[in-house]
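Consider the two complexes below, in which chain A is the common component and chain B and chain C are the respective partners.
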Partner chain A sequence: MRTGLGEDVYEVFARKNRGEPLRHIGYIDAPGDELARVYAWKTYDEENWFEMCVVPRGAVIPVNRVEGPWAGNVPEGTHGP
Partner chain B sequence: MTPYTEDELKKKIRGGYILESPEEMTPGYRRALIVQLTVQADTELMSAPAYWFAARHAPSTNTQVSAHAIIQDELAHANIAYRLLEDLGVSKEQLVYGREPHEFKHPYGFDQPLDNWAELVVANGFFDRAGICLLGDVHRNTSYGPLKRALVKVDMEETFHLRHGEVWMRRLARAGGAATELLQRCVDWMFPMTIEWFGLPDDLKHHSGQLDYKLKGLTNDELRQVWMSSTVPLCESLGLSVPAHYDEDGDEYVLEYPFPCEYDPDAKRWLFEDGEITWQAVFERWKGRGPMNEIYVDSVRRSRGSVTSWLN
Partner chain C sequence: MGWERAGGDSRAMTPAPLARHILSLADTKRLLGIRYSDWLLGSPSIETGIAASSMSQDEWGHARLLYAMLKRLGFDPFEVEHERPAARYYSAPALDRPFSDWAHFVAAVVVVDGALSVALESFASGNFALARSRVPKMLAEEAYHRRFGTAWFTRLAAAGGEGAARLRDSAGAMLPTTLAWLLPADDAHDALVADGNVWPEDRVRDQCSRLLGGTLATAGIDLDAVEPARDGWDPERRRGSGAPGEEAVERARGDRNRDLFVE
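Here is the complex of A and B:
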């Protein structure tokens, strides 16, 4: 999961206004949580977000799908939801 | 392993199927998407140093801020496109730091120096408009879900760059005198530069699969028309002359110069008088890259080696 300069992938989630869903808006590479917050805020600055948060890609555990960027995080020995 | 044959996937896509992960791709789809994303990422990346060198000509702190905000956007767009490539198993590290400058896939326009404020704002008005035409079409049509979502931000910001370009073109056009003359000189080399950017005409284009896989919706010629349908009226309304006009009979914009033709990068002048050249000759010129290619590539990666060695 680590990329150049020892960076990890972080998923970026944001909510535009109160009452709206938290949406997955993209991803950034960062060498740690602190810089991940900064990079996400500076990269996805197209809206005045009400709320933004970042999640290390490795922390997203798929429930029903075994394909895609989080496929590697399926706990061993589990089958479907 | 892909669960589909090429034909099965194309058929599903025609029915509106959206792909969400590389596992669903056929080799042909994956290849076509990687080519498209590499061009997109490299173009965004190389626009940054082109604009950055030009931003030194900003006439005030306010305009410096606008110019740098645009550069910041372009770098973020590049980063996002390289990140999408990384999820397809392509190394961003290799793409950005492992290639020779001439191997980048950005258009020839971003190998040219932007030497004054007028050239920067016309680049925003012309080049960023081309970006909107191309990426807006991808956004509306792409069958790759992650790319469709990524382009929400990109489209929004490219529209801001375009507005910046148009507002400043209007301001320089109204000023008259030296400002308008300079603006016209920019249009003279940058209009044909953008026209060429859209690539081979449809009747010469090899089938790339990008349309079959719905990685885009419009052909090169259609996109060129979309660009002209905004750019020609804009320039005409500003009293600027462009070598193209709307032809009512054919219901299309028509170029008034031999296309394609040769370009003299030192003089920043298209050699209309030498007549039409082959697309093979255009590809040779693109492959040879333009005067700023090595300087721009070096400017985005020159400290990489030393910083990496301090950290490791």
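Here is the complex of A and C:
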């Protein structure tokens, strides 16, 4: 899933403490995985995160809803939940 | 301790080798922070500007910690941070002027910030206790600067054309003086090495090659073939001739906020 600048959109997940669930905290645009890691860490640096991960938006497959930012990732031939 | 007047000349005040080393690291970080801050707006994307902002603040935070170390060596941190003229700054010559374009910025992240990382790694593993305790946190933050620099450098180099040429030219222009800054060939630096405060030259060069060599090679630069440029070497400031621009030093000193200082 690319932006107008040819960058990819990455969803950002993080948790403050070990054992907590990862929480979706936002998204960033980046031209590759390595810069996505840096941009996410530098953009969402308001907390002392225990763990942060980025996921390309194109890798998120919706399960029960077919609209929203991940609508384009619905597997072909699938129509709704 | 602190400033020592050399030969009765009131204008020449020479810090001891350890203090000179810390001043050189701190001033380079302060100037690098200013040069990064010039690109908070106008960088290629919002995220890149945010990263530049964060890196700029990292550099200023690190500079603050380094200046504070000088208090233990008999210096007045306020005087060091806020009173020196440009001609008494110890920063790496590659930062004397603003970055001319984005390729120049990226080259500086790899060359100057990379050299700083090597210098700090060396300092953190030496015998100076404050460096051993305080520098590792800086190195953890520097790791993100290196990732940023490596990713952008290899991207621009791979794209070819004008951007790759400017990247190669900027990195090539900064490397000789930055290597000289990183590897001073004088008695004061030899004393630091002898006291176990920093690594000897061959280890520094090895680590430079390991951390920066592969990235620079993507633009056709052979780091091992670059010789340090020590023309006009100033042993007091641990750098070649010249000085950072007055406008940058006014910002570094905080001249416009002078009436608001509370320290």
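The rule we apply is simple: the second predicted complex is superposed on the first by the 75 of 81 C-alpha atoms of A that agree within 3 Å, B and C clash if a C-alpha of one lies under 4 Å from a C-alpha of the other, contacts with A are read in each partner's own complex, and residues count from 1 in each chain.
Assume a residue touches a chain if its C-beta (ideal position, glycine included) is under 8 Å from a C-beta of that chain, and two chains touch if they have at least 3 such contacts.
Note that the coordinates shown come from a computational prediction; the quantities given were computed from them, not determined experimentally.
In the superposed pair of complexes, A:Gly6 makes contact with chain B only, with no contact to chain C.
Considering which of chain B and chain C touches more of chain A, the answer is B.
In the superposed pair of complexes, A:Ile28 makes contact with chain B and with chain C alike. Using the contact criterion defined above for the overlaid structures, shared-chain residue A:Lys42 touches chain B and also reaches chain C.
In the superposed pair of complexes, A:Pro62 makes contact with neither chain B nor chain C. Residues 5, 28-29, 42-43, 45 of chain A are contacted both by chain B in one complex and by chain C in the other.
Across the complex, chain A is touched by residues 20-21, 23-24, 72, 76, 79-80, 83, 86-87, 92-93, 97, 149-150, 152-153, 156-157, 307-308, 311 of chain B. Interface residues of chain A, counted against chain C in their complex, comprise 5, 7, 28-32, 34-35, 37-39, 41-43, 45. Within the complex formed with chain A, the residues of chain C that make contact are 44-48, 50-51, 53-55, 144, 147-148, 150-152, 155.
Looking at the complex, you find that chain A touches chain B at residues 3-6, 9, 24-29, 42-46, 67-69, 71.
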